[in-house]
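Below is one structure; the comments refer to it alone.
Chain naming follows the written order as A, B, C, D, E and F, and within any one chain the residues start at number 1.
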Amino acid sequence: MNRLFIRSQLQRFLEEDVGRGDITTEAVCGEETVKARVVAKEKGILAGLPFVQELFLMLGDVCVRPKVGEGSEFKEGDVLIELEGRADVILTAERLTLNMLQSLSGIATKTREFVRALEGTKVKLLDTRKTTPGYRFFEKYAVRIGGGSNHRFALYDMVLIKDNHKRVAGSLEEAVRRVKEKVGPAYKIEVEVESLEELEKALDLSVDIVMLDNFTPEEVKEAVKIAKGKVEIEVSGKVTLENIREYATEGVDYISSGSVIYASSWIDLSLRVL
Amino acid sequence: MNRLFIRSQLQRFLEEDVGRGDITTEAVCGEETVKARVVAKEKGILAGLPFVQELFLMLGDVCVRPKVGEGSEFKEGDVLIELEGRADVILTAERLTLNMLQSLSGIATKTREFVRALEGTKVKLLDTRKTTPGYRFFEKYAVRIGGGSNHRFALYDMVLIKDNHKRVAGSLEEAVRRVKEKVGPAYKIEVEVESLEELEKALDLSVDIVMLDNFTPEEVKEAVKIAKGKVEIEVSGKVTLENIREYATEGVDYISSGSVIYASSWIDLSLRVL
Amino acid sequence: MNRLFIRSQLQRFLEEDVGRGDITTEAVCGEETVKARVVAKEKGILAGLPFVQELFLMLGDVCVRPKVGEGSEFKEGDVLIELEGRADVILTAERLTLNMLQSLSGIATKTREFVRALEGTKVKLLDTRKTTPGYRFFEKYAVRIGGGSNHRFALYDMVLIKDNHKRVAGSLEEAVRRVKEKVGPAYKIEVEVESLEELEKALDLSVDIVMLDNFTPEEVKEAVKIAKGKVEIEVSGKVTLENIREYATEGVDYISSGSVIYASSWIDLSLRVL
Amino acid sequence: MNRLFIRSQLQRFLEEDVGRGDITTEAVCGEETVKARVVAKEKGILAGLPFVQELFLMLGDVCVRPKVGEGSEFKEGDVLIELEGRADVILTAERLTLNMLQSLSGIATKTREFVRALEGTKVKLLDTRKTTPGYRFFEKYAVRIGGGSNHRFALYDMVLIKDNHKRVAGSLEEAVRRVKEKVGPAYKIEVEVESLEELEKALDLSVDIVMLDNFTPEEVKEAVKIAKGKVEIEVSGKVTLENIREYATEGVDYISSGSVIYASSWIDLSLRVL
Amino acid sequence: MNRLFIRSQLQRFLEEDVGRGDITTEAVCGEETVKARVVAKEKGILAGLPFVQELFLMLGDVCVRPKVGEGSEFKEGDVLIELEGRADVILTAERLTLNMLQSLSGIATKTREFVRALEGTKVKLLDTRKTTPGYRFFEKYAVRIGGGSNHRFALYDMVLIKDNHKRVAGSLEEAVRRVKEKVGPAYKIEVEVESLEELEKALDLSVDIVMLDNFTPEEVKEAVKIAKGKVEIEVSGKVTLENIREYATEGVDYISSGSVIYASSWIDLSLRVL
Amino acid sequence: MNRLFIRSQLQRFLEEDVGRGDITTEAVCGEETVKARVVAKEKGILAGLPFVQELFLMLGDVCVRPKVGEGSEFKEGDVLIELEGRADVILTAERLTLNMLQSLSGIATKTREFVRALEGTKVKLLDTRKTTPGYRFFEKYAVRIGGGSNHRFALYDMVLIKDNHKRVAGSLEEAVRRVKEKVGPAYKIEVEVESLEELEKALDLSVDIVMLDNFTPEEVKEAVKIAKGKVEIEVSGKVTLENIREYATEGVDYISSGSVIYASSWIDLSLRVL
């Protein structure tokens, strides 16, 4: 990861929460040094550690000692991180530290459940662009820590022709034709199809990936037969932890689910000065 | 709200999702104009409309016509917004539009449930600083739309002496003394107490608000009796939709719950070009 | 104070004065190291030292040794700071160093005079928002160093209902009502009153502070009697070093004066390479 | 002036004073429109009008009608500007509007006094780099409005060899030699001299301007004779409104005085909603 | 293209060339309006028009009338653009306008020559990341206007395994293995090969594109035979206008050449006020 | 040079090329350390070394050892820089390192040729404002390394009255008059003249420099006679390496040529991991 990029994001987060200063901590703390611990109040998968380490490097005067590895499972009561150093720095950064660890561990934990549900298949779990505005880099990182893969990051790094594009262009074929005329070879082209008929059309257009949107598990099986391995297949929409295995048919390459990000739950953690 | 502030935030969100350009839409769309609709796929409370309006004003060439008012209830199938204008602008802004509306309506919807559970009492529902890094302004706005009130925005606009501050200062009394010596009169002072004994100490310190942290409903009732209206009372921790009414004892001024933000669910919406 | 915030401010100041480079110093200086001194050419109270230290940390290669403590009195001829290191860094930062120390020491010095005039009373001296655009954080810091307290920092961290608000709302009562309906419990509410009649109305509205605007000392005494300690009292307007003691009646909590910032005089200092 | 540059500065000032929003005004005001006036409470020279106009253009919904021209004299009681439009916009921008007008009119007013004292001579009044960090562009603008001229803006746009440079280089001659070797022809070269002997040396070095630093009026007269018009002469240091005329000897081109900026007094103005 | 992104780039360019103001134009011009023309002093392909239009929209008060279409050929003496409006705005923006049009038209013109040399083949011309720091977006745009296609924009939007990556990983196979394990399906994978032996290895690794680096035209022909259409083929290095046709063998998909950007010549244009 | 300014520029360049991360290098590299070399593939003059050193200081974990001094000549095959440290940092920064060194060394090399052609004369070579938008600081630095001098940096640091200004003002005399009335003494005044007649007019206006625009060598000789040393003379336009000596008549002070920047060729360099 680009450390300078991460620092500029963290500076923005500090600007939001600390601004010109933490008036409580500046009044209460002098130059005391303390030890503190981040402790788990429920189980989960840890994500966000490198950002916490970079945060305290930026602020200075605090040593960060991870007790659980990034991506590892922890259980209720586990000490995740030990901190030692200036009390004022620790108290001012406490909330941002926890907000990052709780949200990102929540995503990693939920992703891990979906990934486990796919164990034994060749299907990879993908995320989507349904992310919190301004926080996508971190959320997509947490998906990787949970064992998932990232779909495109943004509108500039992959072509994805969706339903609305087809309507504007008039047809799938015309949309693909325009893209191939104008977009260079650096970017993959994926098309969303809504029916088996449309899938058949897409197979003739020599695209990289076809997304089966809101298909039933039975339709997915049918689609795989039709595709005959000529294109990568992504299943999207209506996928839950309960039905994901049904969708993970032989021949499906990817199942994407925005919910591992937007419907994840924060993991309960606390930071305690000893 | 400060419109220039909001524009700078929206520009940052566009930078994240669009960056130097939306390669799919730039290739597929010419100068076509279309109509499109944001449609609800489940019921909820609408929040985020002013940001969507500002977003399209920044991008230009699209007219936004709200069909449901900010803060109003909608049901599955309702058209929330009609858009009319340049197809490329609508398609490029689609995901950010939906990500804002879905997340913020989710928060407003959850907040409304908590607020309804308090109906008939004098207790106000508050949020906390447990928010997504970089998105707090929007999340706290949605709480207000849902009928809640905002607790402090950040570390610079109110004093809140928490457990860790007391440990560094040595005692609650000493922490409050330091704050009163150094912080000017512009900011309210709140202290977190963990027991009825600590509450009694706090009452002698002439602070503005006392937060009862992780008290049972019975302890809260006891605390109210002890406080005798000498200070505002906030209840925090362990509050759920199920038990919130039990906590809403006569004499409690505020119940704060971070979960209306961090544990809210996105409301399912879609944007369809007609 | 938030060190990252301060660094971003100092970087802005350097951008203004140095930009792409100091063409004189780059041509004249090689890698020479020198000693230099900041010397007082008149007496005063020192303010700004932490910013000078941070500035040279950012630029590197210069050691800063304070000879007078922040907030201490110095007299003409005193050496305030010794610098040792790269000549080019010292010469390039000379003007910004002096501009900060001279302006901030000027504010601290003037504030100290006002604070001394209040000695023996319980009245605290406050500043206002009448500050130089872009420099408020530093100016308000210098007030604290001089012994004063800060009024609100900006429009977002406290409610202050002034004359113009009352006119728009139609009445003081209506303005307060609207505020209480919309603003959460995190922020104090202060109202400005222009007469004893208005003060009586304000006392019924349960606000935190009442500002007596442009009252005579006699009116202030009357106001204190009417208020009977039910609310904090701030005196504002027409206050000078000569008459401040008359305003500091028993029962007055704060006297605010923008002039400690906007009418302060720079303290004459010089930086000499030895 | 570069309008985009000015907008970015004004946005920074709004960020300081308004941030995410003006909580009082947002609560008190709806969509009311009002008329308001900026009124002089003492006499002076108006400066800052274009920035106020640009500010309200950025914020929108308010019409600004100047009643006194930029650079014109006004007297106590004069209406300087009439505003008409959204009450919330006017109230939120009130303090920044006044802070700019009061500080800049103060500088213009003081500069005008110095300039008047020079009437009948050929001497031009100059400012210096002794300015408030971050506000220099505006302060130097006000000097021009007052009738003065600007000395260099920053370290990058002119060479000025001062005492400390001479010490590092070993001599005035060596400092000038290094500058001529390395700096291109775009920038003027000025040297500061501390005695008549040094002036004689400087005259041999073919520089553009010589600054007589801390000379008495008599020494200045002597210096003019020695210089014989071979170089432009700037007088600097110890200049006051009282003695400036003594320094304005025939043959002196410029008198510079930082005090028109750093020792100016704010002009008392108020903004009243009608 | 993302208009907000372009505006932020143009603002940066104006900051570089205009900063706080154009001192010549501000002194010389009042509120005069003029007509002006951008005229070609040599032939070429026009590129950069949309940026000039956006620039004058940002600055205001000038109407831009293109006389030659973006991407069209022009000859010496042709009027490319007519401008009408405020003289000061036109003069201040003159240099940036010309610097953009001259550099970008130079790239488009050179690209067109390369593209013409490939006419009749199926080979597409690509650019590289050998671009001027900070100006890539514009340079790559000009390549498209000239008829070329863009290779990846940056290190974040495509995988390209180069020689140095292979050395760190130990082998091409290992490098590809690591990439496939860690990088999601959104990004294409290209590998650079230095010999026919390495090409054969690459064919087994199921990558999207193989770059033949510094191959002779004969080796390229051999490579095409070996590849048998199983992978896209890019030829890179040592390609000039003279030899490009020899490299454009049947079976080659892309020829990349950084020189259309970094070795292009500015087209001579002038802007004349009438 | 202002190190903080340079860092902010380099951060912008990294943002362009690396953004949120180098997906290839992050996947391929672990914590390996390597040695690498920047090697010349053709001869030239080295420029850009300080920026490469600052870049790796910002990124950390890599030691930079220059083998050829800034401004020195090198020949094909020379090792210019040795790098040792983290493989991922080196690979991610490779392209930016080379893009800076290749472009800047190209400018320094071309400038050196022009400067050599002037050897034995007193004429100094100058650059112009015909530079790549956003990269001027670096390009003008490279001119100095090549032995040239810089003309003004931007529109704010010198007055240059060009043809278009004269047209707006009505005459050269009027344009100069307006400038002298409004611009302070800090900035030099240069005027562009198009004929010997205009030169004669300019000589009466007491400006600092006259630019002879598009004169033939013979006209330049005539101009020098007319000027009689009363003003500095700059020759501009139509100057090439072939004819520059003809223009370098005794009495000419400067010859300016934008082509040392905009028509320079990148020097071919490569970075190889050992």
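The rule is short, and it goes like this: contacts are C-beta pairs under 8 Å (C-beta built on N, C-alpha and C of every residue); 3 or more make two chains touch, one makes a residue touch a chain.
Everything numeric here is computed off the predicted structure, so don't read it as measured data.
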Other chains in touch with both chain B and chain C: A, D
Shared interface numbering between chain F and chain C [over half = same, under half = different]: different
Farthest chain (mean CA position) relative to chain D: A
Gap in Å, rounded to a whole number, between the CA centres of chain E and chain B: 45
For chain B paired with chain F, centre-to-centre distance based on mean C-alpha positions, whole Å: 53
Multi-chain contact sites of chain C, meaning residues that touch two or more partners: 18-22, 26, 92, 137, 153, 156-158, 187
All chain pairs that touch each other: A-B, A-C, A-E, A-F, B-C, B-D, B-E, C-D, C-F, D-E, D-F, E-F
Interface residues, chain E side, partner chain B - complex: 1-5, 8, 137, 153
Chain A partner contacts - residues on chain F that touch it in the complex: 11, 14-15, 18-22, 26, 58-60, 92
In the complex, chain F residues that touch chain E: 9, 12-13, 16-29, 32, 34, 36, 87, 90-92, 94-96, 98-100, 102-103, 129-138, 154-161, 163-165, 167-169, 175, 178-179, 181-183, 187, 262-263, 265-266, 271-274
For the chain F and chain D complex, residues of the former touching the latter: 124, 126, 149-153, 156-158, 184-188, 209, 232, 234, 253-254
